[in-house]
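A, B, C, D and E are the chain letters, set down in written order, and residue numbers restart from 1 in every chain.
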């Protein structure tokens, strides 16, 4: 654990989700890198990852300083010893972090912090307003069950699903609402029976899905060119498509939503620890947090960002992004065998991985 | 005349199939050209809403393109150079004599192109990993040179075969030592085949993406840049502009390779 | 004055020449050493490390590689989902190879037998240019062509053949929502990008069939079709096999096309790429890699026996 | 009796305009049924083109070709009952010898057992019984040549075309095959049309012989006629090695002022005679020695049979000959 | 006078064990300086291998080779002052004719002007003055052959090796080149070692001749010797076309019970004689007609000079000859 921050090493490399670290290249207004580089002399290089698994793989491989890990990756990183404890005393802005996040279990193990929160948000249901006309969807059933959409055509071939095993949790959450007899308590803690039901649901979904999405930009292409009209998605795509004047909107349906809460974590062998600490501090600046939450359509880790007017975000914007729905969102966590249902009662993540590949392969 | 009567005339069906096949090969390329001029920057709507040449200027002003281009040029040049040396040596040996293990060696040479690129890539990467070799320009070159050897080899060995031991023996017979024979007879005769092989190897390395993704680490060669760019577009038509420029730049070497090997039996460019 | 019967030795170059003349094997060894070191050490060495890694396994929770020898990873390879991947890839590779062969034959045949002078150059360039123009950009161009709102749909509407297209897409298994999300579309893109690799060796093999052989066949009473079947085809076979090495292997290992076109079902190349990159499961990736290696080794041995190497 | 092959002022020109090659130029030709017909001529004189016109691989630019009286302008090669033994044999490398020979029967739909039986029979005829299972690559040149022959003959063609079939064989083998071909032709009674540029071959094998020069027939007739009575300087020079005498010399030797030919074997060496010269070269030919005399600009060769005394190089000798051997020719 | 080339029981075996090919098998050979030495033999008899042993491209498996008295086992080809005219000429395709010819001088470091002058001189010698700027591809076969000759001769070699240099030429050109080569050799006085499988060529050109068979020398001597007095059946059969008489027949004809040869040109046709048979074949050869008589299992050929009366096929005739022409041989 670092005890003091020294001179910057001149660079810092970060593994991040698409759209997380912007330097004005996609849109000029959204730039929270250039000034940091000028101020600290730390040149930022970003490696975009598309799934949590990829993030873990990249961190296992090494060569990076920081990662914006979601809850389903962070504990794996900690367990694997890929990330190091963060000395929050060296991060003055820690105090401004949303209290709901400060000790969140996905980055705090035995009271030790393994990172600073970055952003959180729901996995929304994105849909095409032309296809749904006056009847916006209210349930995830549009992506799970075959039906005729308001434009008179079937949803078959016109919906997408996330190309990551964590999508099983979305199915579980859907079942939690529609099949209470399964007694699912958490979509990340499924016993064999519950797990099987979720997979069955996903097999039904397989017939509806033309292609799964794992890249935000390819998903946007598919909405534009492939006639896709509904899919689980991130606020990021919704915002970007709307800014392009596409007929796109999103909702959090009645079943609720899974979501992600991301943490900036530091590699155990980070080559540029000083710059990394400088970035972690910078990442909590309220103007960055504010712009980021506008840009990505999610919620800042620093509450002041919604209100202090230093960035683009407003209190209404935060509310619209679901700032108050924190408790309703079931954040991505890594499924483990030892769960609330008992030792070894739940299906662990590695089975999620192979079974989901099977489902996509039509098995 | 009955169609059977003249065996030197192609039947209409064959002609149509051949020309149709060629068109099939070129349709997507026309599309690439078209979309270099579209005014729509984020999607490829068809037909394009309007045409513009602004993307050429935009491409010119993108430093990341220049970096990627420079890296690609560097990698392709060095890999081609290495492959030419190694390929020539092995073709000289293979043309010269029958020896024990000759068959195995010929198998070994084609292996890098006969095995899928993903295999070459992942095995190189795991070897780098095991030996703690950090990614660098050299790791990319290492991969590229490996599969370029066979391209040079294919060209050179065909020429060696055509060169029949004859002229080399004639040179020695007339009093030349091995070095004089190499310089005055072998090199001039092998030259065009090597050049052709080299150019094809260069073009191959320049467009390689499968192996490169495994051996490049965080470096971006031009194809890797394109991959990033195609998936996460900022200015999509710029990618097409780059593709066109590369395309135009490769026509010349390909034409040259064609004319250099025309008289020979080399299948210029077979093998990737 | 007559010249001496034996000329004097002039300097080290002559001495070295004499040395190698007396020991041709040493010279051969010198020629072979650098390329063999390269291919043998760098390439085979890497393949060996890969093989080695396939006997490791991965810790399911942390994703860290456990460096203990085990056959667990191979057992995993044979799980139904993974087995599907292998089977799917092989079927696709075989289909693509067949498609390439069928489509390439008229082109290669015409170029080899009938194209002369300018047309010969046109055909050569016509095959080479697509081959050397950026693979990625071509694939993306195809995505546009095949997309639901892409050119094929547009053209089908313009020519009132949408019904045909929909019928095609309605086919079970290989059909789909649009060409770009179906096996048919993926097949088309694969055929497109690899077909030059089939045309070139095929054309070379066809060019080597002497005209007199065809005339002999006709002279003996064979019709065009009979000549084609009994003479041209068997003689061009090594070229077809050589080409099929490429199309089969390239399809088997590609991971970019199945990612961009098709219905997200996994292929070997994609699985290797994702296992290695996304999932960090190098042992399984290595085990997966052994499948194409084994298949290609068998394929190459058979091809060599059929004389296809001379046609490469 | 109809002619086996008949050319009526047949031409075959390649290209057009001033660069056109007149490969075959207004040729009239009649090949009698059952004869062994040879075409002799230097390289590029149109022999192969003539054969290809008969087999149908070339179409005449002008004129008509009849095979057994029938005009064949609309008949493709595969429907002419004419078979060819190609110069490079053109055996199918992927088939064994038996299948090669049976090929013509196979494409006609003859059942396997029957065609194999016939092929074996043919192979016996060309003394290759038992070689049926070999691939052509495993045969020597002469054996391949015989397979090509068997392959053509199995179809029972009315006319067999042979394009320099012995060109690639070495001398001994060549002589053996000449005998074999000749006797085969006599036995089968098929019309053979044989192309060669070797005059010995043409003379010794043919019943009838056409000498080609630049797309035209320079002379046509029996070998004896052509050898003994060449009509033109070209024929005299090309067929056998003749002394060609310019008009002045002919006159000096007692003939009219016309070109004439005098065969070396018709001359004797004598102490004196109408033509005296210096001995410049002696060449031993085994059965005889060729002696060259030089007198002014003229060189004259005489043949001295083995055993007769030879003059010394540099000495002076004269040539004598019987007047009937001085053969007068057209100035061409 | 030392011999130009001397082989002392030289062998060259390829491969080893039972499959070894004895390309050259314990050959003893002496080639006199300044002579025109020919090697004659069927394909695969080891002629080329012998030449390559002299030029240094092969090394003997056993035995010693001396060139002008000096053992050359340690001398690589480039230091042997021996030049070769290759069968396929092996001209350098990328150099023009002049540079081809000047190559040997260039690698010796002769200045450009001098070597070009010498090359031009050599080109004149072979009657190719003015062709210096052409590329080999622009020459005809005979011209290439002469360039190859000039290229070898410009180095003033002590021995010139020629491996079937005329094999690829057609008959007329071949005869012309034979004359040219022979006179060139006489003019320059260089030792020529000439490989051929054409007995006419060997007989007419050589001063001395070795007949090869299966890696061994079957006979060595002057052409006259070899033609008139073949030592073995193989030589009699290979050189010229002789009648080979089995011991019984020789005895019947008045000789001892030994194999014998009888040249067709030494026989006459007669009404009666020691050997009578049926005329089975007549072959017109121009200068003479070859008549084959069959008597029991034996076939005997006789040569009837042009002009003499010919028997009818099927009729009976006898052969007469002078007893001294019945040449006895070893049983090989």
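Keep in mind that, in the parts below, contacts are C-beta pairs under 8 Å (C-beta built on N, C-alpha and C of every residue); 3 or more make two chains touch, one makes a residue touch a chain.
These are the chains along with the protein names UniProt gives them: B, C = ABC transporter permease; D, E = ABC transporter ATP-binding protein.
All values derive from a computational prediction rather than experimental measurement.
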Count how many hops through touching chains it takes, at the least, to reach subunit D starting from subunit A.
-> 2
Any chains in contact with both subunit A and subunit C (ABC transporter permease)?
-> B
Comparing C-E with A-B, the busier interface by C-beta pairs is C-E
In whole angstrom, how far does the Cα centroid of subunit A sit from the Cα centroid of subunit E?
-> 91
Can you check how far apart subunit C (ABC transporter permease) and subunit D are, centre to centre, with Cα atoms defining each centre and the answer in Å?
-> 52
Separation of the C-alpha centres, subunit D versus subunit E, in whole Å, is 26
Residue list for subunit E, restricted to those that touch at least two other chains = 56, 76-79, 82
Among the residues of subunit B (ABC transporter permease), pick out those that touch two or more other chains and give their numbers.
-> 4, 7, 44-45, 129, 175, 177, 180
Enumerate the residues of subunit A that touch no fewer than two other chains.
-> 61, 218, 224-225
Considering the complex alone, what residue numbers of subunit B (ABC transporter permease) touch subunit A?
-> 42-45, 129, 217-218, 231-234
Complex contact set, residues of subunit B (ABC transporter permease) against subunit C (ABC transporter permease) = 3-4, 7-11, 14-15, 17-18, 21-22, 24-29, 31-32, 35, 44-47, 85-87, 89-90, 92-93, 96-97, 99, 103, 105-120, 122-127, 129-130, 142, 145-146, 149, 154, 175, 177-180, 203-204, 207, 209-210, 213-214, 223, 226-227, 230, 239-240, 243, 246-247, 250-251, 254-255, 258, 265, 267-272
Listed in rising order, subunit D residues that touch subunit E in their complex are 42-43, 170-172, 175, 179, 183, 197-200, 203-205, 223-224, 227-228, 238-241, 263-266, 281, 283-288, 290, 303, 305-307
In the complex formed with subunit C (ABC transporter permease), which residues of subunit A make contact?
-> 50-51, 53-54, 56-58, 60-61, 76, 79-82, 156-158, 163, 209-212, 218, 224-227, 334, 336, 348-350, 353-355, 357-358, 360-363
Where on subunit E does subunit C (ABC transporter permease) make contact in their complex?
-> 56, 67-70, 72, 74-82, 156-159
